[in-house]
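Next, two complexes with chain A in common: one pairs it with chain B, the other with chain C.
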Partner chain A sequence: MGSSKAPPGHFTILYFASANSYTSKDSEFLPARLPLAKLFETLDEKYGGMKAKVLESCLVTINLEYVDMPENGEDGVIINEDDEVAIIPPVSSG
Partner chain B sequence: MDSATKTAERLRIQIAATEEQLKNLKGQLADLEAQSLGNSFQNVSVQEELDPVTHEKWPLAAEDYKRYGRQMIVPNIGIQGQLRLKNASVLIVGAGGLGCPAAAYIAGAGVGTIGIVDGDEVETSNLHRQILHSTSKVGMKKVDSAILYLKSLNPNLKYNAHTSHLTPENSQGIVSQYDLVLDCTDHPTSRYLISDICVLLQKPLVSASALRTDGQLIVLNSPPLLAGNEAGGPCYRCVFPKPPPAESVVSCGDGGILGPVVGVMGVLQALEATKLIASGKLTSSGSEEAKKDASMLLFSTNSNPPFRSVRLRSRRPKCFACSAEAGLTLEGLSSGSLDYVLFCGINVPVSILGRDERIEAKEYAKLKTENRTDHLLVDVREKVQFDICSIEGSVNVPFSSFQGSRFKEGDGKQPTWIPQSLPPDAPIYVVCRLGNDSQVVTKRLKESGLNKNGRYIGDIKGGLKSWKEQVDSSWPEY
Partner chain C sequence: MVNELQENNCYVALTHDYLDAKSMMDRVRSPKAGAIVLFAGTTRDNFAGKPVKELQYTSYEPRALQTMLTICKSVREKHSLTSIAMIHRLGVVPIGEESILITISSPHRQAAWRAGEEALEECKEKVEVWKKEEFGGEDGGAWRANRDGAVGKRIDQDQSGPPQGPHGPILRAARPGERGHGPVVRGDHLGH
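Entry: the complex of A and B
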């Protein structure tokens, strides 16, 4: 999971736990700006089935702060260039 | 034939009796070992009692000043913190990879009453990470094994053994006896149950989890205010309102776990518990003045930085458990009307293939010895598992490579893992660890059109577990 800076016009997305296994990636750069409401769709297109299988039960943070996923067609906050988004699925084993 | 069956039955009974005897002997040995350690401690305390300084003059016993001195002189603890620890009671749910290190440090720190809940028995596959158990305790109840260890570590505390799993029915009776709860379990159903009962009984909850090389830690319901009070800490449902799909839930047995990873998470739980108790923030009144936002600590061995702390939301306005609109009640929970298994979903064994699409391990073995060239055996376990042991001649195509968009269905091209030399009508057999993934892959291969030319595609029923049982008893069980 890299600390390297996103290239211009991109944000960093970190994949934890099952999001990591599903994408086979620790992190990647995606084009900014992106409305938060479009995030799950964008990822689902890239990784078929990811929304139902992983994303819907996840906690999402932007720059280490919890964000509410927008409901009822709202755009919610915008993910900006250089932001760090984290997809955090619940881990239940121990 | 009949006499062979009788002999086998007699042998089974003999084996069972011998195993029982072995288990008893191991228990006796572990008891003796703990006693001899306990005795040496008692000798010390007898000498201490001869000391003219009486206990009444000082709030702690003479030995306790020595035992806890190194932590008492830490400014955040002090004698007041130590007395709070002594008067506190902590419930540890789960005596596994998290519960073992957590319990060791909590007992070491002198928490007066420690309860441990677990219905499992110690297995050999636990020992690399569950540090309170040992080889001689395999087969013993985990709770008994843990308490034996803890008594030898610190005999001056009260230990309560709860030797069955926490259930909606027994949870109130158990959890109500304690001030603070540690969730050291391993399944979504128990995570939601423990969070719910902690909200209902107003107990703070320190929750941790770990898988492979990653871990999570959250302090929940702290301060533990009544449902509907927005100043209370969020509960597990506020953070994860929707459980993950049952088929995506991976256990340490299936996904793997590094000992130090789950160890560090358990140790951090003990640290959070110590902090909460020693600072007097255990109760709602003690914690109100210093409310800060809840956070989740994420640990990823291979990440840079390895630790990240993310800020969590406060209580969710429509939370089922802790909001003003909560539908959760103590009566509902303890009567069993809340079905946690239904809520989290059940991971039933895969059964998507017809009888003619599956082959028994022993049938495959026969077929393999008869003609070994004109078929292909595809092992869909992940590469790390394939490298441990594999059937001669099999090719490895990990299950994960069939997930998502990485496997294009019906694109007309033959996958590169099929050797050029394989005749187009040669059968393909699929095998995995237990016989679930192999069915999914078999179905996908057929859907991709690989079975045209009349090629047979089927899986080995029961996977490599059946291979061990039916064909090769030397197959390593990992």
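Entry: the complex of A and C
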């Protein structure tokens, strides 16, 4: 997972647990650059209902670091070409 | 195959293989320690009374290892431990086998007991590992291999029922406290 490199102009997004089930994918490549603030709606357009059913309970990492979802209409950080983004649902280890 | 990190007498690992308690005890064994505490979390055959046929764990492995190491370093420092090790099994874990082992050594036992509980609670709260329970008696009971990440194929979702995963419908969302080895208990209950 996440081992294949994104084609030019794209980033990699990884789907775990409920995000994996909802998209039926482990990962895919999406067009970069993309403001973090647009990520959930981009996914919701692609996978109808995903925002309410899955994403709103999820955290997001970019290149293994957790990022805060921007509020108040700000763009927040920009997801760049070649970045590895992951959707992190509530964990259930142990 | 084992994916592992090691730093400052902290060892963390993820593996698809059977977990060996003895080897994890030996990882923290030290002449400076008068106690080794071992926690072994094993998989139950039911979820809230509903039979579970098998469990499967997946992980964002590089992220999970970092989180495990951060937890172990923090717990080790807080309780002045000699050493701490944590390993989580991934993939299918047959019922009754260990899904996680934590071993802790310290000069005296009380610190090790406390640290073990704290490390487990932190792990259950934060480590990027996900469990899926396969319930007996449902259709789609056989697990399929994960898709290999085909690009750009749109999956239309059925809006009426529960979302369909590669392994059948997603029956429920995770709730706090249901994760594995009993409720997530806060507070100093080991002190009583």
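Simple rule for what comes next: the second predicted complex is superposed on the first by the 89 of 94 C-alpha atoms of A that agree within 3 Å, B and C clash if a C-alpha of one lies under 4 Å from a C-alpha of the other, contacts with A are read in each partner's own complex, and residues count from 1 in each chain.
Everything below uses one rule, namely that contacts are C-beta pairs under 8 Å (C-beta built on N, C-alpha and C of every residue); 3 or more make two chains touch, one makes a residue touch a chain.
Please read these numbers as outputs of a predicted model, since none were measured by experiment.
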Superposition on chain A - do chain B and chain C clash or fit: clash
Partner chain in contact with A:25 - chain B first, chain C second, else both or neither: second
Touching partner for A:49 - first (chain B), second (chain C), both, neither: both
First (chain B), second (chain C), both or neither touched by A:8: neither
Touched partner set for A:68, first chain B, second chain C, both or neither: first
Chain B versus chain C as contact partner of A:92, first or second or both or neither: both
First (chain B), second (chain C), both or neither touched by A:17: both
Listed stretches 98-106, 224-232 or 314-322 of chain B, narrowed to the one that overlaps chain C: 98-106
On chain A, positions contacted by chain B and by chain C: 1, 14, 16-18, 20-24, 26, 46-50, 53-54, 57, 61, 64, 86, 88-94
Complex contacts: residues of chain C adjacent to chain A: 41, 57-60, 62-64, 66, 88, 99-100, 120, 123-132, 146-157, 159, 163-167, 170, 173-174, 179-181
Contacting residues of chain A [partner chain B, same complex]: 1-3, 14, 16-18, 20-24, 26, 46-50, 52-54, 56-57, 59, 61, 64-66, 68, 86, 88-94
Of chain B, residues touching chain A in the complex: 94, 96-98, 184-188, 191, 208-211, 214-216, 239-240, 242-245, 248-252, 255, 257, 262, 265-266, 296, 298, 300, 302-305, 308-313, 400, 403-405
Interface residues, chain A side, partner chain C - complex: 1, 4, 14, 16-18, 20-29, 46-50, 53-54, 57, 61, 64, 86, 88-94
